[in-house]
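Chain lettering (A, B, C and D) follows the sequence in which the chains are written, and residue indices restart at 1 in each chain.
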Amino acid sequence: MSSWDNNPVLKVEHLTMRFGGLTAINDLSFNIGRGDITALIGPNGAGKTTVFNCITGFYKPTEGRLIMARSGGEKHLLERMADFKITADAKVARTFQNIRLFGGMTILENLMVAQHNPLMVASNWTIGGLLGLGGYKKSNVEAIETAKYWLERIDLIDRADKPAADLSYGDQRRLEIARAMCTGPELLCLDEPAAGLNPKESLELNTLLQYIRKEHDTSVVLIEHDMSVVMEISDHVVVLDYGVKISDGTPDFVKNDPHVIAAYLGVEDDEVGQVEEEVGI
Amino acid sequence: MTTGQPLLSVRGIKTFYGKIQALHGVDLDVYEGEIVTLIGANGAGKSTLMMTVCGTPQARNGSVSYCGEDITYKPTYEIMRTGIAQSPEGRRIFPRMTVLENLMMGGMVAGNEHFEEDLRRAFELFPRLKERQQQRGGTLSGGEQQMLAIARALMSRPRLLLLDEPSLGLAPIIVAQIFDAIRELNRSDGLTVFLVEQNAYHALKLAHRGYVMVNGTITMTGTGKELLSREEVKAAYLEGGAH
Amino acid sequence: MDYFLQQLINGVTLGSIYGLIAIGYTMVYGIIGMINFAHGDIFMVGSFIALVLIVALGITAATPVLLLILALALVLVVAMALTAVWGWTVERVAYRPLRGSFRLAPLITAIGASIALQNFVQVSQGAKNKPLQPLFSGSFQLTDGGADGSGFIVNLSYIQILIVVTTVILMGGFTYIINNTNLGRSQRACEQDRKMASLLGVNVDRTISLTFVMGASLASVAGLMFLLYYGVIDFYIGFLAGVKAFTAAVLGGIGSLPGAMLGGLLIGLIETFWSGYFSVEYKDVAAFSILAIVLIFMPEGLLGQPEVEKV
Amino acid sequence: MQARQKDSLLVASVKDSLGGAIITFALACVMIGLRVDVASGRGAELFLEHRWLAVAAAVVIVFAGRFAMNVFFWKREDPPSLNLSGFLPKGGLSTGTSSVLKYALLGLAVVLPFALMFWLGARGSRQYIDLAILVLTYVMLGWGLNIVVGLAGLLDLGYVAFYAVGAYSYALLAHYFGFSFWICLPLAGILAAFWGIILGFPVLRLRGDYLAIVTLAFGEIIRVVLLNWYQFTGGPDGLSGIPRPSFFGLEFTRGEGGFASFFGLDYSSIHRIIFLYYLIFAMALFTNFVTMRLRRMPIGRAWEALREDEIACRALGINTTTTKLTAFALGAMFAGFAGSFFATRQGFISPESFTFLESAIILAIVVLGGLGSQIGVVIAAIVMIGGFEFFREFEEYRMLVFGMIMVVIMVWKPRGLISSRTPSVALSKNAKGISADLVQEGHG
């Protein structure tokens, strides 16, 4: 029994997702260990993003259960919750493959929006805040402090008042992660965080993820295409192909699994040996 | 083979999506009769390059020339009437048209006189399509859609065929079929093919020459065999399991 | 029962007119995803062009039947051509410069174009109602009202036959164009994937222009029919007819041609039956309520394609 | 391509202008050249009037105009328009100019009635103060709608329905229960907000144009119901004798106990007009104050975030339904306030005042002004409503020009006149406005 099975933050059980006649995910089960960085990998079209969309409530799974166990002990069945409730109550946050920032708002504003729910409570659902009652002002200052904290972490504090759309690709990626962190998640789902990043930006991303895991008691699950990123930072790798799990284990285990090699080379399993020989790996 | 004037010549193009720069000055040549492949990771800018050749989006700097003529700022539909055809990323089959209608759309540029003949050849190349001619594009399987996308591009009788990730999301056996078809087209008809791939192994085996793209720039070039044996290429793209 | 039959006949006639207008909405929405607010007013312009031509040619009820039909055919063709120019111009001036711009901008220009067209006609043709003497007054009497004359007399007028027959012919021809010609295929291709269409050598701008031209010429046919059927028009008829035709397009499933025809027919029937059995005053409320209900509960309409949210 | 380049500037211009002239002829030959009208005195007979001169004029104007534009601007390699655009502010006004403008307008609005009185006297200034009241009403409506369209990005084409609800609420409450204006004002707002929620609940999951169309339908339904429910609303005859507002209980009447006698002034009907002016001014400012304040609060930021990207909002745990509903209801509430003001000002209301055209005008003010820009709404309202009234002599052509201007301004500046967004919160003191090119306009 591996470490992620002992104390999982999220248990995915028999997850199946069909669109019309097409089965995008078929009977998928795996666990995400608490405090781990888990990578979900697989060739394009393997169904990784669909898994994310099920976890974060954007799709309702056809079958299966998603059990989120908060550190306080409460359990949430994600497949039954509305998408915004999953972030608000179950404390699962996500980023998107094609970055979804609020481009016309400033970087600071992006981080403030992420703290919407606590601020709404502090402003007595706007009424108190509108009348200028004290509690809101204090919370607002605290929210700005939180935002500043994250801006310093992602090194954007000097550009806090610039529109998010003006940032470079790599900065946008990190801002999106910081924004997700501002919701105070216990599980952070990152959809291809390293796509399109140059080596320097990739490195910064790795540092940020390590920091989040270490300092914030947040488990991370990420989708990645590029294997090198995954091998470096993840504790646990789950490999999908055609919507089914073909491998699950430590990075070392996964990268020597012939199924994985075959899937990545785009060849049949029995071809692997021959191909390896041919290209000398 | 790589002598004389290239059929397609890309010089220093820079392409932007809004403020984000996707290509940082790319140079690339494709000669008549070649299969050239461009490999690189997701988001490296491969598809952007291919779309820039077709004028959508247009390059902000640099030039694209085809048969010696500058086509950088021509409208897309005019470029596509000069003998370039593309099977784009994600296949982009018209989902609510039948297979036959999709092929007719492809054949529109070529006019009517060769239609029957071209159709017959497309069906010879991909017999599956013949069985499904009256089926709607959206109901085809991924592999069939890919075949249809290639067949549709061929219906315009191109001199230069641009293929964007034909292997995407397909089972290995189908990928092999499609690559065989590409090889066959090149060998028997002398069709020039420019192929964008993530599936580096098969692509490099198929191609005469290859380019490697990282973050919007070309970092390596050489024959398919050369690139296949380069350590950097291996490290970047074949890292599936073993070192 | 006889009353029902009469309502059915009236409803089908009205539905034909709505269907013809609805095609313009549905095609434009299909191809560029915008509601062409000015389309109802294009219909009104078409109706006015037909009226002017009828008066200019001196067509009256006294014209011999054969000549009358020939003359009306001429009016139809010229009105279609001229209205098409109006449709083309609106697209060229108010919509094309904003293609790829912000979504609200073409909506505002469409509303602006609608206001401008209405008031242009008000200025150039006057604000008064324009009554036209009926050109065909005859009808078939389908029931005689029973032996004692107490039943309801069901009439099928020549004009109703003319409207339905013309509509059926035009719809047939139009469906053929859309299904079997290069132009029609290009239009459908632009609808489904504009970028891919251009990658296959389709001149997208030209195809969109032609869509407006086709929609406008069909609307002008509807305009002529409306004029002949009701015998009176004014510069404001475009708004209500437009909203109802749009409702028809939505009900049938926007983007779908058979849907537009089906929707037009249904709206025509609902409106006449509602007026016949419930209340004339609230017939527009019925149409608007259907619009709202359809959009809320089945936005893809009867024959449309459901949209899938992309994350 | 090459063939086209061979044409000289002149030839190309002539060709293009000829094309334009032919199109103009096709457009004008029937619709302008011939006019069908009803002969007076001869029953309903139609007769034709020929106006070929007008057609010729139109054709010549278009030819000449296009020719000039082609020669000097469009077909040139170095169009002088490039230099011209240097004079125009880029991306709307800068924050500095905009705030100066804001205070200048505010100051002007405060002193306007007295300045007018001073210059033109009570009698002469009345029509201008009336016009100012009208403009301010539209400013208030524009600000209200700006919450829905500009901030939350929800396209509402039936906004006038809530204006009608406000107006009829006041008229009916006053009629049946004898409530005064000051009691009815909040009630009208609450009722309108209530209707906003009722209508909003089912429709807010629709997106884009569909939402626009459903709101249009609701607006029309409300109007048709008002038009046909004779017993309750008076139908097309409307409701008259709606009570005028009072100044803290003082009526604007002649004689004892009226406003004039209480303050020892000579009675003048202008007092009431000026009072109405300051009333709507205060109401508009209140709308603006609440909006600006909300923008800096979580709910306001959520609205804007919703406009930027709804899916991202959901991923951040924001309940998009309630967020949209609050925007819809709040916008409706301000329309309700404005409606009850309208009723008390006119003393008479009928469904005629609440047609789709009104909604279109309010929306046009918001969009032309620049989505989300409060000062833009003011400028657009002054230009559209004020300008519109100044063309009263050209009664016939006014709506025609109005429609054409809507098209021209949108084509010229698709993001509206003032198109920069001020951040709602900033770390540094001198944070810059955000160019509208980056700001999304919402999908709902």
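Just so it is clear, contacts are C-beta pairs under 8 Å (C-beta built on N, C-alpha and C of every residue); 3 or more make two chains touch, one makes a residue touch a chain.
Protein identities per chain, from UniProt: A = Glutamine transport ATP-binding protein GlnQ; D = Leucine/isoleucine/valine transporter permease subunit.
Computed from a predicted model, the values in this text were never measured in an experiment.
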item	value
Required steps from chain A to chain D (each step between touching chains, minimum)	1
Chain whose Cα centroid lies at the greatest distance from that of chain A	C
Contact-richer chain pair (by C-beta pairs counted) among A-B and C-D	C-D
Gap in Å, rounded to a whole number, between the CA centres of chain D and chain B	51
Chain A and chain B, separation of their C-alpha mean positions in angstrom	33
Cα-centroid distance, chain C relative to chain D, in whole angstrom	30
Length of the line joining the C-alpha centres of chain B and chain C, rounded to whole Å	44
For chain A, residues contacting two or more additional chains	58, 96, 165-166
Sites on chain C at which at least two other chains make contact	309, 311
Parts of chain B lying in touch with chain A, wherever the complex brings them together	18-20, 41-44, 142, 165, 167-169, 171-173, 175, 198-199, 201-202, 215, 228-229, 234-236, 238-243
Touch list for chain A against partner chain D, complex	56-58, 83-88, 93-94, 96, 100-106, 108-109, 112-117, 119-120, 123, 126, 129-130, 136, 144, 148, 157, 160-161, 163, 165-166, 179-180, 183
Residue ranges of chain C touching chain B (in the complex, touch as defined)	182, 185-186, 188-189, 192-193, 195-204, 305
Chain C-touching residues of chain D, taken from the complex the two chains share	23, 26-27, 29-32, 34-38, 44, 46-48, 149, 155, 202-203, 206, 208-210, 212-214, 216-218, 220-221, 224-225, 227-228, 311, 356-357, 360, 363-364, 367-368, 371, 396-397, 399-400, 402-407, 410-411, 414-415, 441
Of all residues in chain B, those that touch chain C in their complex	54, 56, 75-77, 80-81, 86, 88, 92, 94-97, 101, 104-106, 108-109, 152, 156
